[in-house]
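This is the structure, below, for whatever I ask next.
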Amino acid sequence: MSLLELDDVSVTYRIADGDVPAVRGVSLSLAAGEALGVVGESGSGKSTLAMSLLRLLPRDAQVTGRIMLDGEDVLAMKWGRLRAVRWAEASIVFQGAQHGLNPVQRIGDQVAEPLLVHGLATSDKARSRVTELLSQVGLPAWRARSYPHELSGGQRQRVMIAMALACSPRLIVADEPTTALDVMVQAQVLTLIRDLVAAQDIALLMISHDLSVLADVCDRLAVMYAGRVVEAGPSYDVFHDAAHPYSRALAAAFPTVGDPASRRAPRGLGGDPPDPMDLPPGCAFQPRCPVAVDECATEDVLLRPAGERRTAACVHVGVPAEETTR
Amino acid sequence: MNSVAWTRRRRAFGRFWAAYRAEKAGMAGLVVLVVAVGMAVTAPLFIDESVTSVVNGTGERLAPPSLDDPLGTDESGRSILLMIWWGARTSLLIGFLAALLSMVIGTVFGISAGHFRGWLGAVLMRITDWFLVLPSLVTALVLAAILGGSTWTIIIAIGVTSWASTARLIRAQTLAVEARPYIERSTALGAGHWHITTRHVLPNVAPLLLASTTLEVASAIVTESTLAFLGVSANKTSWGTMLRASYDWGAATSGAWWYILVPGLCIVTVVMAFTLCGRALEKVLNPRLRRAAA
Amino acid sequence: MSLLEARDLRVEFASRGRRARAVDGVNLAVGAGEIVALVGESGCGKTTLARTLLGLERPTAGTVLYDGKPMSYRARDLKGYRREVQLVLQDPTGSLNPRHTVYEAVAEGPRIHGLPDEERVVADALARAGLRPPERFFLRYPHELSGGQRQRVVIAGALALDPKVLVADEPVASLDASVRGEILALLLRLRDDLGLSALVVTHDLGLAWNIADRVAVMYLGRIVESGTVEQVLTAPRHPYTQALLSVLPESPERVVLSGEPPDPTRIPGGCRFHPRCQTLASGAADEVATRCRTEPLTILPASPDPNVACHYALARQPP
């Protein structure tokens, strides 16, 4: 049974100029202990999707569909239950830890906060749990008395991870956890995330724009474009042998050092990621697609099977499937 | 090329105007100001300086409002209404020009202090701090007394003593603007001090400056009235001099309420109008304030 | 003959009461029509080095030479220098004044230098940067453009002065992955069509592989390895380069260095990388271990031959 199941989730923002469909009919599933990577660029809707899992979106966002967390629909939860679920069952590691931490509170207090809020520990017990958490992320115990500005970017990100682990959740959503970090620090943080998640059998949903990072850390990948999942499957397959032309282009944007094919041959797509308020008719990727055919401009394409446990939303892939595919 | 640029500017102004129109308080202030300035500017078409001449006082002395003199008369029989009308010119002129002077000095000091680091910036800031600490009213009094009592000396006295807070504001904004990458790009393109301060910093501080100046005019009118009340004024009639005269001639004790109330109300109304406009300008030009209020 | 050269360059800052040696002895040369990648993590001094080469920062010691002549910091000479060496910054959104139209942004350089025929220069620059037809973009504002288009405007602004060298600081780091290729291809095309040289500062080794001819790896203010991209990125000799390459997603064996680079006020003695060096830690470098800890390495020359600043690597070199 999957721990997290998204069933035809759509998120629309209502703003003054009209409706913005940030996420359009996304279906995903994640089993306990599994790592799923969601990759996309600006306007793909990936961050919106991440925030919707715990209903952290602003009030002008309309969410439809079902988000089943361990059998319960998050969207139907009452406020009290939602608050209990937030952090205790599913937590988030936010991006850009410079803004995720309160600059005038000590690290220890911030890591202890979810414990105290959820009544999982008294203040004394909390202190020992904080020490335990800090050591799990590779920080010495005395760091609990530091302020965020005294830590480096990598250390702050570790604190964010410690906070996310505080209430022993079953699911962690990591939203761009290593953007803005150096490659070596990024490698450290990703290794840490992967080890912790494996050791504690936590499900991981990692969001990033960096396909190569996700391909390394996650078991499965879902590629998002213009609010939809356009490809999903085992990460090795999606990265090396993508079925959807967008995934192929993304993979090509991260050249393998040492591969003569990418030497002095940077590959990218023309055009820009689409504006969610102004989506083209038919397939949203068609204006930039190198292999588009006539029907792509008029007929929208949904996910269809593309191999062993793989799906892709492209006319060039197999035949259309009926109803929902994963 | 230029004509299309003008179209864009007109369209931008149109958007600004639409946003300003939505500010009811600002519109009220604007209406009052238009009326006041209109009155001041058109005054010579109806009356002239002679309404202030003591010799021409036609009504009875200190007469309450009546049909002949709707706002009463003063101690020389002059019509309060006509004096107010004529006095508006002096009050508003001094207010505007003093604020303009204050703004110019403040901007030059502020931008220079923010742009030039090192000892030059430090020296400019210390000068600004000095002027900030000076009791402006007392200094203005002294200056006006030394320089004599013409309109221009009053303008200078007010302008020279009230620029420091604007300068601090502008300096802070200059520092913020200069921290942005496009300033570094400009330097890398070969820009000198003049180019950076006029083409980048000035347009970015302009909204702040505009709002600040509007409020400064209000403050200058009050200062002018205060100076006049304290006896240091231009020899022309203004609302402040009328207040002074009402005090000198014991209007309060003799029950001539119109003599005190009318000039006083005029000052308060115009100052309030400027303040409302200034606040509305701030809100319109700084979108963050708008969203917070919404 | 090199076009832009740093000779024995040192740049120091006062930081928290100590001296931070951001650039601590660097020889680097960029030849005509060459793209050199300057690679390193944050804090290694690569951005400071780039800014010093642009004249935005004064060196504490050493010289910057352009076309063989040392750079003069007098205002008029600096202004003339700007026509030869131009800058492309990382964040295209911050690099453009939001109140200026695209035309004004690109025309800024020509206006400062009083170049004639401004409109044609601007149109040319925009076209060369890939924004066609240029007239369509004249009156747009930066916030109406996408990230890739904004970066092209910044590049056009630099091209408007017809420089010989572009210094690009993380030119594609803020852009979407699918858009990067286009901007990188643009830089390559400018090199091919106009003979433009470029010094690209980046932390992204994939970028270096994509477009650079030579690469220099920087650590804590010094260049620790340099050479052609093929040599350095397929057969790295310095342990730091090896570690950087090993954490790339496709690599077989991952070497994740512990800790972070120390800050430039506390540069370790001996080889500045030795506290984190995986080769030293593994015991493979025992013959030179004492030298690693105590003997500093000489500053690498700017020559195009492969160079490495490592006792272990040098000891294993054939004589």
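Should a chain be cited, it is by its letter among A, B and C, assigned in written order, with residues numbered from 1 in that chain.
Here, a residue touches a chain if its C-beta (ideal position, glycine included) is under 8 Å from a C-beta of that chain, and two chains touch if they have at least 3 such contacts.
It should be emphasised that the depicted structure is a prediction, and the values quoted were computed from it without experimental measurement.
Asker: Which other chains touch chain B while also touching chain C?
Answerer: Of all the chains present, none is in contact with both chain B and chain C.
Asker: Going by the contact definition up top, give me the pair of chains with the most C-beta pairs touching.
Answerer: Max contact pairs: A-C.
Asker: From the C-alpha centres, identify the chain that is farthest from chain C.
Answerer: B
Asker: Once you find the CA centre of chain B and the CA centre of chain C, what distance in Å lies between them?
Answerer: 52
Asker: Suppose each chain is reduced to the average of its Cα coordinates; what separation in Å results between chain A and chain C?
Answerer: 32
Asker: Please tell me the distance, in whole Å, between the geometric centres of chain A and chain B computed from their C-alpha atoms.
Answerer: Distance between chain centres, rounded to whole Å: 55 Å.
Asker: Considering chain B alone, which of its residues make contact with at least two other chains?
Answerer: Within chain B, no residue contacts more than one other chain.
Asker: Can you tell me which positions in chain C touch chain B when the two form their complex?
Answerer: Per the touch definition, chain C meets chain B at residues 54, 56, 75, 78-79, 82-83, 86-87, 89, 91, 94-97, 99, 101, 103, 108-109, 112-113, 119, 138-139, 154, 157-158, 161.
Asker: Using the touch rule from the top, collect the residues of chain A that touch chain C in their complex.
Answerer: 41-42, 152, 154, 182-188, 191, 209-213, 215-216, 246, 249-250, 252-259, 262-270, 272-273, 288
Asker: Given the complex with chain A, which residues does chain C contribute to the contact?
Answerer: Touch list, chain C to chain A: 41-42, 146-149, 176-185, 188, 203-206, 208-211, 229-230, 233-234, 243-245, 247-250, 254, 256-258, 260.
Asker: Any idea which chain B residues touch chain C in the complex?
Answerer: So the residues of chain B in touch with chain C come to 1, 4-5, 8, 180-182, 184-192, 195, 199-200, 203-204.
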